[in-house]
Amino acid sequence: MKYRFNLRTWLLVALMALPLLTNDLAIGQEAAPAAEAAPAAEEAGPPSAYSDEAYIASEGYATFAVNNLWICIAAALVFIMHLGFATVESGLSQSKNTVNILFKNVWIVTTGILLYAFWGFNSMYPGEGNGFFAMGSWFGGDLNDPALTTAEYNAGYTWWGDFLFQAMFAATAATIVSGAVAERVKLTSFMIYAVLLVGIAYPISGYWKWGGGWLNERGLYDFAGSSVVHAFGGFAALAAVLILGPRKGKYTAEGIKPIVGHSMPLATIGVLILWLGWFGFNGGSALSADPKAVSFALVTTCLAAAAGAVGSIFTSWILLKKPDLSMALNGILAGLVGITAGADTVSEFNAILIGVIAGAIVVGSILFFDKLKIDDPVGAISVHGVCGMWGTIAVGIFSFSPDHSLGTQILGTVAISIFAFVFSFAVFFILKLVMGVRVSEEEEAEGLDVAEHGAPAYHIS
Amino acid sequence: MKYRFNLRTWLLVALMALPLLTNDLAIGQEAAPAAEAAPAAEEAGPPSAYSDEAYIASEGYATFAVNNLWICIAAALVFIMHLGFATVESGLSQSKNTVNILFKNVWIVTTGILLYAFWGFNSMYPGEGNGFFAMGSWFGGDLNDPALTTAEYNAGYTWWGDFLFQAMFAATAATIVSGAVAERVKLTSFMIYAVLLVGIAYPISGYWKWGGGWLNERGLYDFAGSSVVHAFGGFAALAAVLILGPRKGKYTAEGIKPIVGHSMPLATIGVLILWLGWFGFNGGSALSADPKAVSFALVTTCLAAAAGAVGSIFTSWILLKKPDLSMALNGILAGLVGITAGADTVSEFNAILIGVIAGAIVVGSILFFDKLKIDDPVGAISVHGVCGMWGTIAVGIFSFSPDHSLGTQILGTVAISIFAFVFSFAVFFILKLVMGVRVSEEEEAEGLDVAEHGAPAYHIS
Amino acid sequence: MKYRFNLRTWLLVALMALPLLTNDLAIGQEAAPAAEAAPAAEEAGPPSAYSDEAYIASEGYATFAVNNLWICIAAALVFIMHLGFATVESGLSQSKNTVNILFKNVWIVTTGILLYAFWGFNSMYPGEGNGFFAMGSWFGGDLNDPALTTAEYNAGYTWWGDFLFQAMFAATAATIVSGAVAERVKLTSFMIYAVLLVGIAYPISGYWKWGGGWLNERGLYDFAGSSVVHAFGGFAALAAVLILGPRKGKYTAEGIKPIVGHSMPLATIGVLILWLGWFGFNGGSALSADPKAVSFALVTTCLAAAAGAVGSIFTSWILLKKPDLSMALNGILAGLVGITAGADTVSEFNAILIGVIAGAIVVGSILFFDKLKIDDPVGAISVHGVCGMWGTIAVGIFSFSPDHSLGTQILGTVAISIFAFVFSFAVFFILKLVMGVRVSEEEEAEGLDVAEHGAPAYHIS
């Protein structure tokens, strides 16, 4: 009853936007900061996505085109990471909660992109004339404005390439949480939580570093987001899991009862797609197609991923006495998260070291959180939170540059992690009070697919 | 018995092509229109795929290279949509018909590419000297001819880049039908039908718009094929389904009995891969790597996809009283199909509106066709047919350009849809008379995998 | 017991590398051949992955950027082929051996990349001052050295783009073997075998052709590796299978008992991902983004893949009297392997012929090896070994260029195949003597997932 009311209200709000419809889209052009900077006396006709000949013939056009193309392709690669998350999370969970996990992931990526359009982008990158309270402004830009489609805006991309790449990043944080709270979180509560995390929290701490805020001024280095994205998501997940509690039957009087994933092919598909996506996540973070920057960052990225797997395979083999596929997969992710902060500023050899250590850390961390009865079905807190911290700190140890100080790196990753933890804790706590965050014991036992969605994921006869 | 004879005949025909083999491939060079335009006094040696230094050093080479590269990558992305279709169609069908669906999809993409090489490309884009009756001519071009590898042919791509991108589009139409007729269509009949649809019908109506035919002259705007590809496929599917009839047990005296899909992970993989593929479908339809055109079209595409999911999630939640994953997935596809006609000519905000409306439409349409007892297991008629129409019409409402008239958009999408419907109806009807289009009731009950292919899709122990 | 000792030793070795850690990474810079060529008086500061303005403004920068970008994207596409192999191999095997196959594939791609960094790259491409005994040298290059990031190194890519692309190729060979020995090979033995095959054997015969060795001097043509990669992997697989013997219960007194795959969707996902990856495998082998070379090679590649499917569908339908999906899938791969040697040097029409013939060959070959009781669960010997030979020989028949002689093509593919066979046989034979290469009959019956990894792949309730 309650939800139906909410849904109708939301739909009404959406429909109320209809009258705003005009072909020149006043709402967008008023709000976008860059549009204000545009010369008033533009050509009179309607905007068009197509370039004129002068633009194509202008100096540096080819370089600008290859740069922007790479940012767009990198955005596509980061987009497909959402399929990677969806499959690795569902593969490592029980089959009875598969539809629920997939639904959450679809919700996160789709609302994440929309929220980033409505206010995230302008909040995280407030530009010249706007403070953080540009928050709430619509991103849409003016196609007639050359300042959005040339190196005047950025040498590496247009306004739209920039938005697209950043929007794909934004939703990642909530996806990380999704895996950690799987199998017992209440769907509607999580949907609201995800909207707030992606819509409000991520642009704030993102602004601290990438938008030019205080952590950037302090000299924090975070190339592609070991802290901004991964530690943020991991420690938000930790807070949520602490409030939510473990799955029923996991921690019993007789000890820890492992709840194994339902499909290792699905989990493997997920991790290898995530690795593919990281070509865009890290490679695109060069923010241009510069041959030196892109190819070097991709090499360190792949070496760290490979080393992460090797590190976790051997560590888990020693500790668990068997070759564990899920640990190998988490080792790849650990290596990737670990190299993300410094992919362009550590040597190839040190990239391997960062990866091996991340692979060892992730195994220890997963076992450690399990000992503490902090139940994280897919290991997201360890992979993203702990290895995100490690990656940020590793820049302070291994960086080429004397500008990167260990102290600042620690400060930065701790600051972002605490912020994510506190925001997540507060929101999840309020949601718990207001509407509850956990399904009933019966629903958990039955599985969220039937309980929440009325349909199981599989009918294989 | 009958089929073996057919197969042998076909194989003989293929083998008869063997004597045509010569290293200079006379067949290709005679037929290709561009080859005729080539100067007779080319260099004497054999052709080579490698460029000479003068070509590489020529003005605009870098721009041409990035443009053509993007078309090739976009072709790869459209190619992988065939995996998306294969998985979403099989995921939303019963497990006993999975091999059959996968086999059909392999057949469609492979024969589709070959048919497009043998006559589709030259039929759809007949060029200067050829009328539509260039039909039947082989596409192969002359590597020695600079008119095929420079901006003289097109500023955005070589002859081969052009072919590759268009060939990947061509097979899509039949794939759309494949989902709608799943679970009861006779394999061999469908194989012949798909060949005729891709080989003959698609290039005809494709020519009407993209090849410079009458709909293009009338001013129809269809950026990447809401009508040329999607409405075409969707209404071809409607005709086939009308002749084929619903699956046994779907519409009973007691009402509609839903036949649920067998694997929601497979369906989700499919839809997210399709979204990835749409980066190429729409982004590549800029027909160059122009920064403004490509990045803008990708932003509207992703916003519409996201909005489509949100629109369908809320609409279906209200109507069906539960969060329905398959509706969310179809909402993504609806948004993508909806934005395809106007991705470069509507504002970001209107892209969201087009998507939200498409997401709402697709839910209503699926329920509507079900009420009419028109059985479409995957919702292909609604997603591609209805939303393809909506997307084309939306250009008439929301376009930047005063040149795009609502009337023409309606005319265009109706004309293409009727053509597809009539062609499909005629072919399917004749096939029904000649060899039947539906498996027996026993085969349908047993499942097509065992009945037609002699092997089930799964052996999970 | 034995393995734990080994693992600890290995881990110690890895940890011993820690003291080598310095920010200027002496180990790398000493070893890399190009670093020696670098002028001594470079700028003093630490290296940085970022380019200076002079570099970006230099003539030909845009062309170099698009070339290098394509190599990096192609590397990503070849990387994702490892997901294709993992899924096609597990899909075509029994569900009880799925974790084992996935684990092997993760092992191969991750150690493959690391081995290629530690010595493979410098061994295969020894450059000017090094002989083959550069083997063992670390690849890491000097970011300050313009000779690694400009056309001075190569017009098509930087040192790192080159490494990345080649490293992704290297692991492929062992992956091919993985499928053929599936379901009965002992994990630790295979892990050691894979390390030796990728680390030692592949760079040796790779050097013969692509590194400028004797087969290159003899005029062998192998565009993207029909022999260097595929025949190599296929004949290494043949040797391993001969030593290993068939799976229990496959060849009985009553005849051949087919052991069918456990998931055809997984197999189909694998093959279509492999096809996607081949856009990078063959397209990237143009070694630049040259419009003519790339788009032509991609067209022949896709035509051959499509023709391979058609060839195998009809051949298997005639021979097996049913439309066989796994044969259709292997036909696609056969076409792809077949065109790989000559994708840039045969006409479009002949690409189709090469593909059709490969599709027919692969069906015959799979049936032939089965008659010989050579048990290859996924058909890897036929797809990669036999069709790799066919593709190399086809260059001698169909090439544009009079420089490509049939005799040399036969010599080359036979030489590489024999080398791979002998190396593989020797290593596998020694491993059999020392530690055994096959699991016990009980473990084989139980399935390797539980026997070796202690966990099944699926828990679908």
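Order as written gives the chain letters A, B and C; numbering starts at 1 within each chain.
Note that in this section a residue touches a chain if its C-beta (ideal position, glycine included) is under 8 Å from a C-beta of that chain, and two chains touch if they have at least 3 such contacts.
Worth saying up front: this structure is predicted, and the values here are computed from it rather than measured.
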Interface composition of copies chain B and chain C: same or different, split at half: different
Angle of the C-alpha superposing rotation, chain A to chain C, to the nearest 5 degrees: 120
Gap in Å, rounded to a whole number, between the CA centres of chain C and chain B: 32
Contacts with two or more other chains, residues of chain A listed in rising order: 62-63, 66, 69, 73, 263, 269, 458, 460
Partner chain B, residues of chain A touching it in the complex: 3-4, 7-8, 10-11, 14, 17-18, 20-21, 23, 25, 27-28, 46-51, 55-56, 61-66, 68-69, 71-73, 75-76, 79-80, 82-83, 86-87, 90-91, 98-99, 102-103, 105-107, 109-114, 117, 138-141, 143, 149, 157-161, 163-164, 167, 187, 263, 266, 269, 452-455, 457-461
Contacting residues of chain A [partner chain C, same complex]: 60, 62-63, 66-67, 69-70, 73, 77, 94-96, 260-265, 268-269, 272-273, 275-276, 279, 283, 286, 289-299, 302-303, 305-307, 309-310, 313-315, 317-318, 321-325, 328-329, 332, 344-345, 347-350, 352-353, 356, 398-402, 458, 460
